[in-house]
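Following are the structures in question.
Here come two complexes built around chain A, the first alongside chain B, the second alongside chain C.
Let's turn to the complex of A and B:
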């Protein structure tokens, strides 16, 4: 069922000034439960504004936001409860660390929620495990850690609050390939274990092909398309029109197809393409028919 | 490209702190020559020391030992005058990852003009350079906008325009495309290539995007503070296992060919682009 949804949401920045700008324009979209949803779109398309709508950080200029079917702005005084239920990890969250130790930093959210100490400890350890933080780091200052580790601390801090919906704005930006895999893989296993709803904003089509179940494509303040990776990545022309593209491996299939090799072009990961090529052309494994 | 060294690094060592408080070494005995007009990509996992290298080149940090020469000037000379420092900063521009750290003015075109204004260039020439630079990054229609209202990727292109307007001989891009969408990344990459090929600007990009490194003349891989691979993209990306062991990836097509070779195929290991890869497979199966 629909966990979170927007109904006709419009958001304008700087209303009443000459700089008034419509960031979201009549957006209706629904995020279903128990899956990883990728939110993609060119820079400036409104992705970051949209995610701030989802946990009540921004209030729609028009339209409504529903969490479990309930309008989150029905009683504005209760909006902080929504923020516990919908956790948002900003871009470059490592700049927001401030506590003396890693443990304290991850515990900050759950402590504010007034949980008993035992429960806080349990959650801190569980969250650290998901993001692959070693226990040895717990008593270190977060500022002594590498950039990639700091980011894990920040993400663990939100996971420790036990959100029903976890939203991450570009969680892997600026990380090396191994760091990307560890963080996105950790988020994926968090989703599977908790059966929660995870929304990832990303510019990496390759990462989305590997980690997202569904995609929401945004373009100029509107939701342009929604569907599975297959639905979305099968239509390269539309994606190019939105300032996006398909993964490199899919572009390879499209090239191959254009050269007259009858391969399907709706595969998006290296592993799937490898299997497909070997299935179609077992002779490749013997050095081809040269 | 000619053979004059623009950057010459000799026996460079770096660690943070000093004396007993010194951290573990960040860069160990680096020797590197970058030719004028070349395009070098530097790869390495987070914490490998590659960003520190860029900061040393721009004199944001100074080495523990070793020598760096830029355009014939020794930038590690403790006797260096302020004029020399300004001269070197003018020759080497740097674009960082987060544009919010780099924008200073309230209007886009004023931001782009900031650098050349500080260099004391005459207003008419500044106007020309600002227009040209904004056009180069495809942001001319935003000349009178406020930078804080632009998206991250748009801001980054403004930051790049600000550097271009100073007409440096070399630009170092420190993960400058990490925050951009595929089109934005392509626009910036095209811009970088044009600056290198048409304007002869020496380019060093520090990146995690392997597909970007493919465009470079030369790829250098840094691991644990040392240069471990140095060659053309084809030479470097052929070492798939080594790169994996350094926590790095290769372009997806290179990875595919590597995996197929593990399944007893006999494909070239140095295919980098989708086009090259498609040609190879088509020749074999058609």
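Let's turn to the complex of A and C:
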């Protein structure tokens, strides 16, 4: 049984006005446990609407959403319990910070859940560790921190709620390469340790290639494809049809191959490509820095 | 969540009303409100309702949308009607118990108030807010007030402030929606609990919203300076409206309507409300 699944979900915005728009069109998809799933698609394909379905922030116009096999809208009064189990980090989450100190802001979710104080403290420290926040920042105002640090506080605020499923909408948007790696690495280690389900919405094929186990490709309010990174990225033509492309490093291999260099073109991370190039040209290893 | 608000929203279109000069529409809307309050008897009220329907049809905005725009104001309409129902005194009470007396005059007055308010809101929305883009409205206001610049009143600054305020309403609504959702995902409950609890639940919304309003203000002022904005000196508009035949004709129609209402008031006095 899958952790979270959508069955024939349709969602329309502003029903009954001239601005009515179908954001999701009969989507059926399931997300399995204990892995990182990447949700990719070009702008406006319905990714953000889809993730809001998963924790009950939006109610499907038609269709059903299941968490552990149970319809989350069966009893609408219990929907807040679903929101504790499925944590959602929005795009640019740093704009939702409001408490006086970092510690209070991270503790906001767990406090709303009504946990005892020691448990809250424990969770705050654990969550801060995952996202790489130093303890010195705990008593600072979140508004004094840098953009990247704020982002970490906001993500920690959701992780501290101890969700079984963690959904992040573009968690690395607008960060420098170091920040991207630290945040996505932190999310990855959270997933490994808690054996939870993590869903990452992203535009970056490179990030997806290095962090996602599986991919869900969306196009025009529908799920176009699902599969492993290898399945999806080896079919460049259909990706281009969805307004996406393979990771840059793979494009580099394809160009190299076209120039007559006998490299494989089915590698998607920089690390794998480095190994492949060293296999072809062992002499590079001596002169290279790595 | 809250993105369904339609009052004061512009619906692009090509109808006669859409194509009028914004100045005509602003003055027309004010004139229209005056006429609404001039109407005094059954006939002038019938004419008023008919004219309002005519305007709605002319604007080619679906009557459904107009009615939906009135929905949030139902409480206010009902409240004023009830106040008038009990407030107006007459000769013989129709219903009377304890300290409450309802007179036929009160009922008539309440009905009249409902018709007036509904006509006023529906009429002004189709004349102005539904059919005029916010930029056209501010252009209209700026040009109507421009004679005051002679008195060194900062008409342009005023118009610019209005444009910016109008421009940011949808942005802030979107942002409120996003912040509300983000905090809901963190377990805030806006719809249950005591009044104090609900008021407290607003803090996580208001602080980020205020913060982002200041951020927008800062970003916008820098962007304006980068584009050499210097408060109106020698500034022209991208599109300038001119009074045309259409505008003169609609002014004529409005005057005729006003005259008809006044005449009906005077020469059909038997049905006076």
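To be clear about the criterion, the second predicted complex is superposed on the first by the 280 of 290 C-alpha atoms of A that agree within 3 Å, B and C clash if a C-alpha of one lies under 4 Å from a C-alpha of the other, contacts with A are read in each partner's own complex, and residues count from 1 in each chain.
Operating definition for what follows: a residue touches a chain if its C-beta (ideal position, glycine included) is under 8 Å from a C-beta of that chain, and two chains touch if they have at least 3 such contacts.
Nothing here was measured: the structure is a model prediction, and the numbers come from that model.
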(message) Looking at the superposed three-chain arrangement on chain A, would you call chain B and chain C a clash or a fit?
(response) clash
(request) For A:55, select first, second, both or neither according to whether it touches chain B, chain C, the two together, or no partner. (result) second
(message) Of the two partners chain B and chain C, which one touches more residues belonging to chain A?
(response) B
(message) Looking at A:161 after the superposition, I want to know if it touches chain B, chain C, both of them or none. Which is it: first, second, both, neither?
(response) second
(request) Mind working out whether A:259 is in touch with chain B, chain C, both or neither, as first, second, both or neither? (result) first
(request) Would you please give the residues of chain A that touch chain B in one complex and also touch chain C in the other complex? (result) 13-14
(request) State the interface residues of chain C toward chain A in the complex, per the touch definition above. (result) 3-4, 6, 11, 62, 64-65, 68, 175, 178-179, 181-189, 203-204, 207-208, 211-212
(request) Using the touch rule from the top, collect the residues of chain A that touch chain B in their complex. (result) 13-14, 19, 21, 41-45, 91-92, 146-148, 170, 173-179, 203, 205-206, 243-245, 247-249, 251-252, 254-256, 258-261, 270-271, 273-274, 277-278, 280-281, 283-290
(request) Show which residues of chain A lie in contact with chain C when the two form their complex. (result) 13-14, 16-18, 52, 55, 57, 80, 83-84, 87-88, 90, 93, 95-98, 108-109, 112-113, 143, 157-158, 161
(message) Residue numbers of chain B touching chain A in their complex, please.
(response) 44-47, 97-98, 146, 149-154, 175, 178-185, 208, 210-211, 247-249, 251-253, 255-256, 259-260, 263-267, 274-275, 277-279, 281-282, 284-286
